[in-house]
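Residue numbering begins at 1 within each chain, and the chains themselves are lettered A, B, C and D in the order written.
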Amino acid sequence: MLKQLFPVKHVVGYVASLVLTLIALVVLMDLPAAVEIGILAVTAILQASLQLVMFMHIGESSEKKSLYINIAFAIFMALVTIFGTLFIFVWGWYA
Amino acid sequence: MKIDATQPLEYGTEENRNKIFGFWLFMGAEIALFATLFTVYFVLVDRFASGPSGADLFVIGPVLAETFILLTSSFTIGLAVHSMRLGLKKQMMIFMVITLVLGAAFLGIEIYEFFHYVHEGAAITTSAFTSSLLTLLGTHGAHVTFGLLWGTAILLQVRKYGLDHKTANKSFIFSLYWHFLDVVWIFIFSFVYLKGLM
Amino acid sequence: MKKRGPLLALFFGLTMLLSGCSSLTVLDPKGPAARTLSDTIIFSILMMVGVLAVVYILYVYMLVKYRAKKSNEGYVPPHEEGSTKLEITWTVIPIIIVLILSVVTVRTTMAVENVPEGYENQEPLVIYASSSNWKWHFSYPEQGIETVNYVNLPTHRPVEFRMYSFGPITSLWIPQLAGQKYAMSDMVTKINLVADVPGSYMGKNANFNGEGFAHMNFEALAMSQAEFDEWVQDVKNNEGELTEAEFDKLLETPHVGRMSFASTHLSFSPPPEEGHHHSGSTEKENGNQEHQDNKEKFPEPSSTDEDEAEFDFDPNVHPDDPTPVDPGDESTHHEGH
Amino acid sequence: MKWDEFFVTGDPLIYGAMVSIVLVSLAILVGLTYFKKWGYLWREWLTTVDHKKIGVMYILAALIMLFRGGVDAVMMRAQTSMPDMKFLDGQHYNEIFTTHGVIMILFMAMPFIFGLMNVIIPLQIGARDVAFPRLNAISFWLFFAGAMLFNISFVIGGSPDAGWSAYFPLAGIEFSPHVGNNYYSLALQISGIGTLMTGLNFIVTIMKMRAPGMTLMKMPMFTWSVLITSVIIIFAFPVLTVALLLMMFDRQFGTQFFTMQNGGMDMLWANLFWVWGHPEVYIVVLPAFGIFSEIISTFAKKNLYGYKSMVISMLVISGLSFLVWAHHFYTMGQGAMVNGFFSITTMAIAVPTGVKIFNWLFTLHKGRIEFTTPMLYSLAFIPIFTIGGVTGVMLAMASADYQYHNTMFLVAHFHYVLIPGTVFAVIAGFHYWFPKVFGFRLNERRGKTAFWFIIISFNVTFFPLFFLGLQGMTRRMYTYSEETGFGPLNMLSMVGAIGLTIGFILLVYNIYWSTRYEPRDTTGDPWDGRSLEWSMPSPVPVYNFAVVPEITKRDEFWFAKQEGKSLSDKKIEKIHMPSNSGKPFILGIAFFFLGFFVVFSWWTPAIVAGIAVLLTMAAMSFDRDDGYYIPVEEVVQSEKRLRGERV
């Protein structure tokens, strides 16, 4: 019963997400900023994909191609908005 | 209403498949929504004026607690859907109740945190930084709150009507929503709290 | 289609107007920056008239030749999927046009952002242009004078306008001398221009900022250096000093006529930090209260210590920040905490 | 708040408007009661989930808004027709150019397009309805609630007056203390949610409800354009949602996002606004491209030239539309590198757009062009829109934009893009699909008269503005002095505006005239069309297709006609239909009141209305209505009746 209620895939996903959270905590130590941002980016993206694939079963739908395109477009849009705005207001600025 | 028995209940009818597909699209829109809030936050993060900065404000303890609670609730809602697919109504409801309780606990800590911030002199009106921080957190919190109401409504329906293609579909979509909130939280955890504490 | 005739006529009319029509202010430049822009505009119009011509000729040809008429009744048009060759043609040619225009754009943008060519070695005349409600304040730190709603410039000397606003976003625009740029409350923006023909030019706020917007015009008068010096001396001798109380009252007044003062408001109400969006900015409304705290750092400008007056306007440098903030260096603030 | 602050007072024009609003509302109420139409209104319209009726309601609302926005426009032109004109004061002028912009884009162009989408898309792809009929009704009623909320602002509380782009700090509480901009943030927010839902609904509809055999590359071009538009909607509108939320917080809760103190950043609003605002332009223009593609190919009697490159160019436009927003504020003072980047991405959009223009031209090539009213609008679009396009490229050049920005040149440019690109398209689509919905065509002769009025007056109105811009006339100026020399061209523009007004009145008159006198169309295919919607009788029965056709190629119906085969000769089965529901309408009303109370910061009633919203949503969630079936005999009967002698 327990095995039935707690499938391996879900348990592994859960443990992995906890581990990734703990790994992200290393940025609280004194590392170069670029490395820290890199660690955060990698762990966050891994966690997100973990949820997407292992818990949300993005691949099980018959529409998976459309779903991947949808998520890709959303990420494109998110990155463009974030980095575009930073480009305009911060990095690309001179007065 | 043609029911396709080869598929799990929640995918059983054309309408159900459409709803799941539509909800995925909606999550795309939600990604854009949170991306915009993150944009605002990143642009305003250093504009804390005379108020406190992120480093002054953030405490890792409650944040870690929130993170673990939300991760666990994401795990349990996954288990709820798993039980649902096995047709185990009672177990499914138990997992769902656990999820909602964890959600409420998360919300409790977040509200406590907000009080703490205001106490530290970081009200939403203090500076551009606090406005953007509390709006980002608040929008996520509002999503969780809505999720609690929605989840309760679905739970009541499952109890009343049992697991049929309608309630299963709703529960599955709710689980997607809940996982999504977890994903958003991960980004908040990483790029608001941890980055702020770096 | 009967209307293409008049349209084409209008466009060719326009191209003819370009050569020497003085009513089109934008195309009648009186300084190198505006001249660059005017040339860019004319170049782009000519290019675009070419594009229009191709489209219009094809359009007329199709409509005349393939219209339904008695003689082609029963004609069944063929099924055509398209032609890769043609489609590539009308993709590649526009790409080339866009590339050409891109090069022109980048070069001219660089050109008008900087001090006009040939004037780089001259010390620019700095004029702070600030907007409040529906008027413009022009402060000459070098000369120690200030005007409202008119600005006098010496010809053949680079002028650097530094703009900011005491309220909503405005846009300083003297079309015959240079393109416009926004004036905002939390940073200082710059326009570099030179007037090489003496004369009176229309200046205005181009960005909507409320009820009195339509009246927010000023005169930009370009004159020889000698006349300019004479005018400065005249203001210094005959006009009163601008006191803080008087300035605050002035800020409150929606509209005023021309005014001149023998001192500037920069000493008691300095501009926002130069550069851009500094971290932890603490500007108060209208910049007044906070700017008072910085009073000590701002020596009263006088004509004798020009250099100091010019380079000292960086009020909001953090006390713990060892170096003045380079605006281009903002990114460090995002990663450094 | 005192009553004389609550109602806008002191302006005879507004008193006139108030009186006419009251009179019209009374007339409607009395009329409904007298003719005993309340039940009909409720059963057939307010509770409907039928995509065709929802589409009709969208279009009706859009036409009303067209006249509201049009009156604003004529008043603006009248006020600026002569130097030192005293017709309106500055404040009133500021309010009408703000409402003109907002209404024309958000409450006219978009709903008009949504109306056509609603009516046509399910018919073009062989679907019984949209994917989520009840959500569709919700979308409509949210749009309607938003539109009404925005429109009452000019008699209750005062209209927004900071421009349709509502730049901060001008739109902030400090410089705009009255409730006008609260209306802006809430009305747009409510209708924006509806728009987002429409986008979702149509993606699912088009992706999942197509007739068997209709692959993506066999869809009609209008369907393609709507699919791509919907994608832009779902990624662009959340940005507006956030921006409006922050605006509301800044104005009503004292946050510091766009303020002038405590670190607030005014240009961040402009940035967010245009991150949404530029894709928004393509949201209203791409469906127009689709409509023109349909009409041009129908009346050239040819298939669309370069179908594949048409699709690819729209995809490219949709991607690029998210990469160009900073061209709306080149003059902010950012670096030449930023401006250079955004100049290049902006100009790059001209390439796919050019591809489309040439494809349309080559669709005409070797065709047999019939000059019907919808075709005239589509043909007029090409040369006029090209002017809008090339001036767009000129504006895209950052350096030159320093001289065009905020001038009448810009105003002329975007009217040259939006009027042919959107208004002509919706009018063309309206004429083209009108018989499908109502069973008769609009009169051609009267339609063409209106067309010539509109087309010529349009150019007379807006072409002079290019020159005014180059003379240095900025936009949003309510008055100017005689020395500026702006007078004559503005007068000319006023003459054009009068012509446009006459043109639109003729257009509406034509609807009235045709309803009474135009012969009914019995074929269902009055234009000799190419796509599936023409295979059905007009008006279309509630269930759309008695049998869903099988698709093997593009323009299936056209080829079926040529081969003389029927698309509907399969066995008729019982048809599942969604039930009507009053809840979307109630939700709309609840949202309206929620918005209204929040506008005035009346928190207790706002919370009550908010609870009403949540309860209505909960009621929908618990609703287990599965719809109903139309039995075979009824379908057979109605098909026989509708197709008349054709079957």
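Basically, a residue touches a chain if its C-beta (ideal position, glycine included) is under 8 Å from a C-beta of that chain, and two chains touch if they have at least 3 such contacts.
None of these values were measured; they are calculated from a predicted model.
Taking the mean of all protein C-alpha atoms as the reference point, the chain centroid lying nearest to it belongs to D. For the interfaces A-D and A-B, the C-beta contact count is higher for A-B. Here the CA centre of chain C is 34 Å from the CA centre of chain D.
Once the centre of each chain is set as its mean CA position, chain A and chain B turn out to be 15 Å apart. The distance from the centre of chain B to the centre of chain D, each centre being the mean of the chain's C-alpha atoms, comes to 34 Å. Of all residues in chain D, those touching 2 or more other chains are 207-208, 235, 239, 261-265, 267-268, 275, 333, 335, listed in ascending order. In chain A, 33, 37, 63, 66, 73-74, 77, 81, 85-86, 89-90, 93-95 are the positions where the chain touches two or more neighbouring chains simultaneously. Chain contacts: chain C has residues 187, 189-190, 276-277, 280-282, 328, 334 touching two or more partner chains. Partner chain A is touched in their complex by these residues of chain B: 11, 17, 20-21, 24-25, 27-29, 31-32, 34-36, 38-39, 42-43, 60, 64, 67-68, 71-72, 74-75, 77-79, 82-83, 86, 88, 91, 175-176, 179-180, 182-183, 186-187, 189-191, 194-195, 197-198.
On chain D, the positions that touch chain A within their shared complex are 207-208, 231, 235, 239, 265, 267-268, 271, 275, 319, 322-323, 325-326, 333-335, 337-338, 341. For chain A in complex with chain D, the residues that touch the partner chain are 63, 66, 73-74, 76-77, 80-81, 84-85, 87-89, 92-95.
Considering their complex, residues 1, 3-4, 6-7, 10, 14, 23-27, 34, 36-38, 40-41, 44-45, 48, 51-52, 55-56, 58-59, 62-63, 66-68, 72, 75-83, 86-87, 90-91, 94-95, 97-98, 101-102, 104-106, 108-113, 167-169, 171, 173, 175, 178-182, 184-187, 189-190, 202, 204-215, 276-277, 280-286, 328 of chain C touch chain D.
Listed in rising order, the residues of chain B touching chain D in the complex are 1, 14, 17-19, 21-22, 25-26, 28-30, 32-33, 36-37, 39-40, 43-44, 47-51, 124-132, 135, 139, 149-150, 153-154, 157, 161, 166, 170.
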